[in-house]
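Presented sequentially are two complexes of subunit A, the first with subunit B as partner and the second with subunit C.
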Partner chain A sequence: MMKQKKSSLFGGVTLAALATVIVMPMLLPSATLATEILIFAMAALACNLLLGYTGLLSFGQGIFFGGGAYVASICMINWNFGLLSALLTAMLTGALLAGLVGALSIRRTGIYFVMLTLSFSQMAYFIAYSLSDWTGGDNGLLDIPRPALTLLGFEISDLVSSQAFYAFVGTLFMVIFVFARRVIHSPFGTTLVAIRENENRASAVGFSTNHFKLLAFVISGGITGIAGALYAMLLNFAPLSNIELQMSESILIMTIIGGTGSLFGSILGAGSIVLLGDVLSAVWPRWMILLGVALIAVVLFMPSGLWGGVGSVADRWREYRRRKASAIKSQEVN
Partner chain B sequence: MNDYILETDNLGLRYGAFAALGSVDLKIKRGSIHTVIGPNGAGKTTLFHCLTGERKPSSGHIQFAGQDVTHQAPHKRVAVGMSRSFQITSLFQNLSVRENLRLAAQGRDGLAALAFWYSDSHRREHLQKADEVIERIKLDKMANTYAGELSHGQQRVLEVGMALCSNPQMLLLDEPTSGMGVDDIPVMTQLISELGQDHTVMLIEHNMRLVMSISDRITVMHQGNILIEGEPEMVSGDERVKKAYLGESGS
Partner chain C sequence: MSLYLFQILNGIGLGMIYFLISVGLTIIFGLLNFVNFAHGAFYLIGSYLCFTIVSLTGNFWLALALAPITVAILAFFTERTLIKRAYHLPHTYHILITLGIALIIQELTISVWGPIGKSVSVPDALQGVFQMGHFYYPKYRLFVILFSAVIAFALWLLLERTRFGALVRAGSEDAETVSLLGTHIHKLFSLTFALGVGLAGLAGVLAAPIRGVHPFVGVEVLGIAFVVVVIGGMGSFSGALIGGLIVGLVQSLMTTIWPQGSSLMIYGAMAFVILLRPYGLFGRA
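Entry: the complex of A and B
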């Protein structure tokens, strides 16, 4: 028999995520690299809500990432938006874009759904490219400020140092992580899993599945938008590549390598891809080939991703402990 | 109150020149077990799909519990008290039996289940409903097993259990014994006749022994229309039925 999992918001996986956020900057060569990992972990987490929990393979994640980055940056540059209001704007932008892309894409399922998100992704790229007065076109948007963190008029940190910015992103990441845990263990989240498992049945027991898919898109887009804005603040720059199809791909690859259907997996996925890129690109400019090899290996040999690999080892360990315990018990009875 | 929970009036479904369903006037009495039988291609499944909302009829009306549900989407029919099972087992394979049933109970909430800000265990009534149904379909020992790991017979029983979770007034069962072994069929027969005590049950079924033993009324379909309707004894003795149905597949 299976164990009954109890969903505690702040225990278990959340603690593991917190430990990772705390330990990461100590192990990595720079806080900037750690920040980049967390930003992409956020995006992968959001992608996971769609891919892992709802079963929707969306190539639209780059739209929300790039959209969030552009709109937040434009607001900061032109209208002096503060840190939190810029992030809020990015979230709303991501959510709104996801609402649009989602509303039209979920009208089809399977391969047609994927093709629709793909088309939106291409379209968004060319829109960003042609609106060069706003987005800087090919050159990207330069000189993006990183506003200070102020709450109720008090400046808490200027976020100039990379450590301070990491601390801010880490805190925000944990908030989003806990939020995502809440979402997946809510009536809404469990219904998403039902839709992933069997959409026909989900509809037959009374769920209007399109409403659920659309909300999943909106939540995913909102989180991805925040990630995009943070990335722009990190680099002080919003390149056109933010909204390219390749961004959607990267986010998807991180999600799949980490493990679909596990939030902690998204941290592992983002961490391994960003690190791999950082280390390998210094050694070999064609490192993307190795990334392809890694993806193939994970899909073939660890179908539930890195986290799944960790999980199955842990399961075996638990099984071993349980057997041992019951063996001792039966000895005592005899 | 009307004696009939479900009434169709001139219900038809045409694919071009071909009428899968001619003109069906079906009346199902509240609290009865009503079986629809007929040879392959008689239109049973089409009729079923029109009743559940999977297919849009091209003519006629469906009245359910005093409401016109002819054009209502399948998921909305759950809220008015209609619930269905599938001919081809359709479960949430990678979820536990209890979670399957809990989700089915949650389905009755409709859009209220969009709530993402509180825990699913907040709604105790769904878990209670799931446990109640688990007991009823006698899968208590399997409550935490994945649905996909159940035997075929158990999956068929769970399939019916899922339909029970929404507190329906009427259960629509699409060949509940489909693919079941001889040993499992009595379990299903027993379950359906028990359900018949407090629900209206409409089913499509091929297993004659089951049909004859539990049905209050039987409708025989042939070439998209109702051939005859009556009590089991009357139907099994009818010459036209023998010719259309038993003669074809039974000899």
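Entry: the complex of A and C
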């Protein structure tokens, strides 16, 4: 039992994620692109905790992403926050905002829940737009620093080169990935799945489902806040679009196309969409049509997303091999 | 004083356009139990068709007649090919599928008409202002108010006084029973979807000479339509009318004071209504 739990934490999928993080910068043209993929994979991972594991379709992810980016940037610009303290602040901001949005939204279910997250998302956008003294309004926040990584007073890396920053984001990503797996495989995580499958039954069994949903929101918001702050550090810029509804939609689409209910799917989803955008946007600016088509196709025909697609191809391959083997065996018998 | 009257009339005109968008959304939700996130995108098609027809023929009336019907036909085929596959799925799936459709429509619109907004000129017959004493008001805006009031009345007649309307209302209560009683419910669904979306197209045409056409307006319109529907109550005709007028008036009166504040207010109102009166101000519990 103990062993099984351990393997689910550090084996299989975690190794695959680690391999992806290590191999990605070698295959991709730039470390910056790889960093962007990991940042959005983080955001998709957090969205997956809500959508894939708890069954909550939230249009509020952009609030936490943009909120984390803004607060971390403001702290770094105005009060010289260091790297880790800025990220910690972003995490707390994301968690706090998610706590607020979550606490109100989970009072309703279904379509009304979605509408509440949508209205908070719109309100957050207009607030960010109005507070232009802090957020830069339409122009965004410019000249965001990327502080050096220091631990106990020692400078480990100045993170100036894109490779060094990638290494830092990659390490942080793995920590978050392992943490998310730990959450999912804990009794808390299985309760979330129970809520997704049948909330009435979960509450009839005695779980106060709203507490679980709220905590899922807070965790998701915290991770998304970190992703937002990292994105600001990557670009040295926090555009207003971070907190727009489109950001929430993008994060949702990455999560869904990658595969809801699988953490590695979030890496696939974020990776394929960021890559697709990077490759196609120069030649075909309207490449997002593909996203629309993919979204419809996944929802209607491939509910477990790219990761599920990979899984079913692997299944078929195994099935094919087995049939072939048994056919050869039966031939030998004959 | 006349400034306020001016803003109030503007608000009513805007509110009637919001009503036309939202009533389609609410009828579709009522009968089909379907959440259409592509509603704003169809509005977008309506207004761009209006732009094209007006710039090709110079005839706004042709656009007013043809564009909504084209949008309705498009909606009909979308329903037949895609939407109907999703009825048995939960609402979140509806949202995601129509989000995909909206994304496709928006990007197609940009590839056809370009990313920069266009303006549509007011038809010749309605250019100039209407004068009453010392009060002046643009004729076209007055026309929008009157025309949408006529459409609203016709729609009310259609829903309350015809067999089709009776079927829609009965189906909203219990689609399965209506189907068991011998009505071809899928046909009814397709027609209702086309009607509701066609109304959004009509709103797009009417709004085009006032607000111009812009590829990203679909998202904004969708948000406002949901605010109206939530405030008025999902599935309620009169709720859509009153909700539309409230939102239109608030927006119009706030534009002079604090435009972002108006958006903040209406989305705040939406959250309040969902939390305190989840069936809307006029919906049935």
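By definition in this document, the second predicted complex is superposed on the first by the 308 of 334 C-alpha atoms of A that agree within 3 Å, B and C clash if a C-alpha of one lies under 4 Å from a C-alpha of the other, contacts with A are read in each partner's own complex, and residues count from 1 in each chain.
By our rule, contacts are C-beta pairs under 8 Å (C-beta built on N, C-alpha and C of every residue); 3 or more make two chains touch, one makes a residue touch a chain.
Remember, predicted model here, so these are calculated numbers, not experimental data.
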Partner chain in contact with A:326 - subunit B first, subunit C second, else both or neither: neither
Touched partner set for A:312, first subunit B, second subunit C, both or neither: neither
Which of subunit B and subunit C A:289 touches, first, second, both or neither: second
Partner chain in contact with A:219 - subunit B first, subunit C second, else both or neither: first
First, second, both or neither for A:130, with subunit B first and subunit C second: second
Which superposed partner A:281 touches (first subunit B, second subunit C, both, neither): neither
First, second, both or neither for A:236, with subunit B first and subunit C second: neither
Subunit B versus subunit C as contact partner of A:245, first or second or both or neither: second
Contact footprint of subunit B on subunit A as seen in their complex: 1-4, 7, 182-183, 185-191, 193-194, 197-198, 200-209, 211-212, 215, 219
In the complex with subunit A, residue positions of subunit C that touch it: 35, 82, 85-86, 89-93, 95-97, 99-104, 107-108, 110-111, 219, 223, 226-227, 230, 234, 260-261, 263-264, 267-268, 270-271, 274-275, 278
In the complex, subunit A residues that touch subunit C: 55, 57, 104, 107-108, 110-112, 114-116, 118-120, 122-123, 126-127, 129-130, 245-246, 249, 252-253, 256, 285-286, 288-289, 291-296, 299-300
Complex contacts: residues of subunit B adjacent to subunit A: 52, 73-76, 78-79, 83-84, 86, 90-96, 99, 102-104, 106-123, 144-146, 162, 165-166
